[in-house]
Amino acid sequence: MKFAIALFSPPHAPSSRRALRFAEAVLAGGHEINRLFFYRDGVYNAADSIVTPQDESDLPAQWRAFVERHALDAVVCVAAALRRGVLDSREAQRYGRVAVVPTPPWELSGLGQLHEAAQSADRLVCFGGD
Amino acid sequence: MKFAIALFSPPHAPSSRRALRFAEAVLAGGHEINRLFFYRDGVYNAADSIVTPQDESDLPAQWRAFVERHALDAVVCVAAALRRGVLDSREAQRYGRVAVVPTPPWELSGLGQLHEAAQSADRLVCFGGD
Amino acid sequence: MTTLHLLSRSPFGTPLDSTLRLLGVRDGLLLCGDACHALQPGSAPLQLLEHLPDSVALHALAEDLEARNLMAPERVRVVDYPGFVELCTRYDKVNGWL
Amino acid sequence: MTTLHLLSRSPFGTPLDSTLRLLGVRDGLLLCGDACHALQPGSAPLQLLEHLPDSVALHALAEDLEARNLMAPERVRVVDYPGFVELCTRYDKVNGWL
Amino acid sequence: MTKSMLIVSRHAPWGGLSAREALDIALAGGAFELPVGLLFLDDGVFQLLPGQRPAAVEQKDLAANLQALPLFGVEDLYVCRQSLRLRGLDGQPLALSATPLEGPELADLFDRYDLVITL
Amino acid sequence: MTKSMLIVSRHAPWGGLSAREALDIALAGGAFELPVGLLFLDDGVFQLLPGQRPAAVEQKDLAANLQALPLFGVEDLYVCRQSLRLRGLDGQPLALSATPLEGPELADLFDRYDLVITL
């Protein structure tokens, strides 16, 4: 089956880790992930400036490694990201700020990408809350 | 009277604006603010990378202008800020990241500053939630 | 020592009664943000507020009532920001229920 | 079309009944995170769950039960992440109550 | 085959970004000509009340976004009657025409859509 | 004159940072030798249950922080009995000794402290 996975919570919310473990299990089970979509506070998972305490799980790093290892399509909603200060170098240049999301593997794009992923997946699973 | 004001919510929560309007009224009423303390998601108010939509209130910019205009003591909890990716240039250099909080007027420091402010103020008022 | 309690969350999303149980008889309550929806006529939260002892003073932030097109019942005093600051000086301490 | 409903928030902080009202008779429920506290014996949320029709299947994520030292009642099937994925394939759609 | 999506909006309009971000998903779906429905549930029903003046708290009005829904092809609007009743709003005039549903009609609504997103 | 501070912790331990960030305020106060009290209220009472294994969800245990409270001089620990009762926990053994309070005792507790922070 093809899964679209959306995450609405920041890395310090348990649902970020839950979404990642779920995504890993999707691939391990022989399924496919057609897109990861980060919306609302979920955009912070792509923020490169987060420094996790050494004895805690570093979710932004784990997400990045997971996305890179499996060459996944990882889209961060640009409108949600701008107002939360998560910018890639292009947006940072446009607004005269510093970039806190690296371009690869993350991509800033619009909500249309969420709909497109949901349309072409067999299942859409959204993680949020606590 | 001397007020210590703590903010626990991000700029896109209504309580950020409420805390700012309250702080303005404190000064307008002839009172004093001995410290502003930003804890939990409140640390995002000091993030320089936030781009607010043009037709909405730009709370990070308003906080910055308010703090500068009145030369207030504005402390951002360093532990809360690191795990949320809000770093000044010293922390950014230490962890090899980019800085998203400018040094003046913001200062990164510990929770002791919250206690110190509460001890020396006549009133501690905390804003959070929605 | 009296406390001014600030409420800002919707009373329908988070239970109001556990907070109201903790009010002292001389405490005050200031509703702001979505907590103002507790003043919706005919709702259960309004009933809870009406059952507070008369010695507990109820207040609401004017701008949040206006934004939500809400009217305050007679018992509730409507304050602006200067009034909010004044309330903080009148009570011995302020507690924000986040 | 059947729905698997994911719950992750504490049932004491946010009202559970408004969500349970929306379940279809063939839907499933998966408790994770603090929503697992709904399985606390002797609590009101557990009573609400027990009153769901037998056709509604109840599940809970193993790791969240273990973290909270909770036992699942007989009616609740405990799943790990592969089981969670499998549940998603078995229901026609998945709805996360944030 | 195009899939239909039900968006469930559960939060009051001026208490945070939730209502706005749910509407944005609906409008984006409409712009892509997808079949989108919108259900106002729990505190989400407060979005439908007339006479609100969010300028008082320096917020942008959502009324324009709500009125834009039919222009974007989002015409299936529903409101939970039990949510209205619990808030003392049953029978009150609403700013937007939405079909009131209750009891099993709500489960039926969920049943009819291919996808659900709750915010 | 040193002011006393009551910290009210209202959230379950593994659902987010709330419990940890409330404890951090208490420990910081203790480190400065300030008179600090801690009240476990609402879902905060779940922090007191024995036998929890947060490693199962890859989280750091709070038990060490809780046990450290007396070492930092934070000895005034209270728990709301009504919160325990609502969760079916009244009479259950707790991992930390905290004074159970109910009804007017809670308002009296608030009354005794100079400052309150609720998280």
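Think of it as A, B, C, D, E and F in the order they're written, each chain with its own count starting at 1.
Throughout what follows, a contact is a pair of C-beta atoms (placed from the backbone, for glycine too) under 8 Å apart; a residue touches a chain by one contact, two chains touch by 3 or more.
What you are looking at is a predicted structure, and each value in this text was computed from that prediction instead of being measured.
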Common touching chains of subunit F and subunit B: A, C
Path length in steps (a step moves to a chain that is touched) from subunit C to subunit E: 1
Same-residue or different-residue interface between subunit A and subunit B, half as cut-off: same
Farthest chain (mean CA position) relative to subunit A: C
Chain whose mean Cα position lies farthest from subunit E: F
Interchain centroid distance [CA atoms averaged], subunit A/subunit D, Å: 25
Centre-of-Cα separation between subunit D and subunit C, whole angstrom: 34
Length of the line joining the C-alpha centres of subunit A and subunit B, rounded to whole Å: 27
Subunit B-subunit E separation of Cα centroids, rounded to whole Å: 34
Residues of subunit D engaged with two or more neighbouring chains: 9-10, 12-13, 33-34, 93-98
Per-residue multi-chain contacts in subunit F, two or more chains: 14-15, 17, 42, 57, 59, 115, 117-119
Subunit B, residues touching no fewer than two other chains: 8, 12, 14, 79, 83, 124, 126, 128, 130
Pairs of chains found to touch, sorted by chain label: A-B, A-D, A-E, A-F, B-C, B-E, B-F, C-D, C-E, C-F, D-E, D-F
Subunit B partner contacts - residues on subunit F that touch it in the complex: 2-3, 5, 17, 21, 24-25, 28-29, 31-32, 34, 115, 117-119
Touching residues (chain side subunit A, partner subunit E) in the complex: 6, 8, 39-40, 79-80, 83, 110-112, 114-116, 118-119, 124, 126, 128
In the complex, subunit F residues that touch subunit A: 14-17, 57-60
Residue numbers on subunit F that touch subunit C, as the complex places them: 8, 41-42, 82-83, 103, 106-108, 110-119
Footprint of subunit C on subunit D - complex, ascending: 12-15
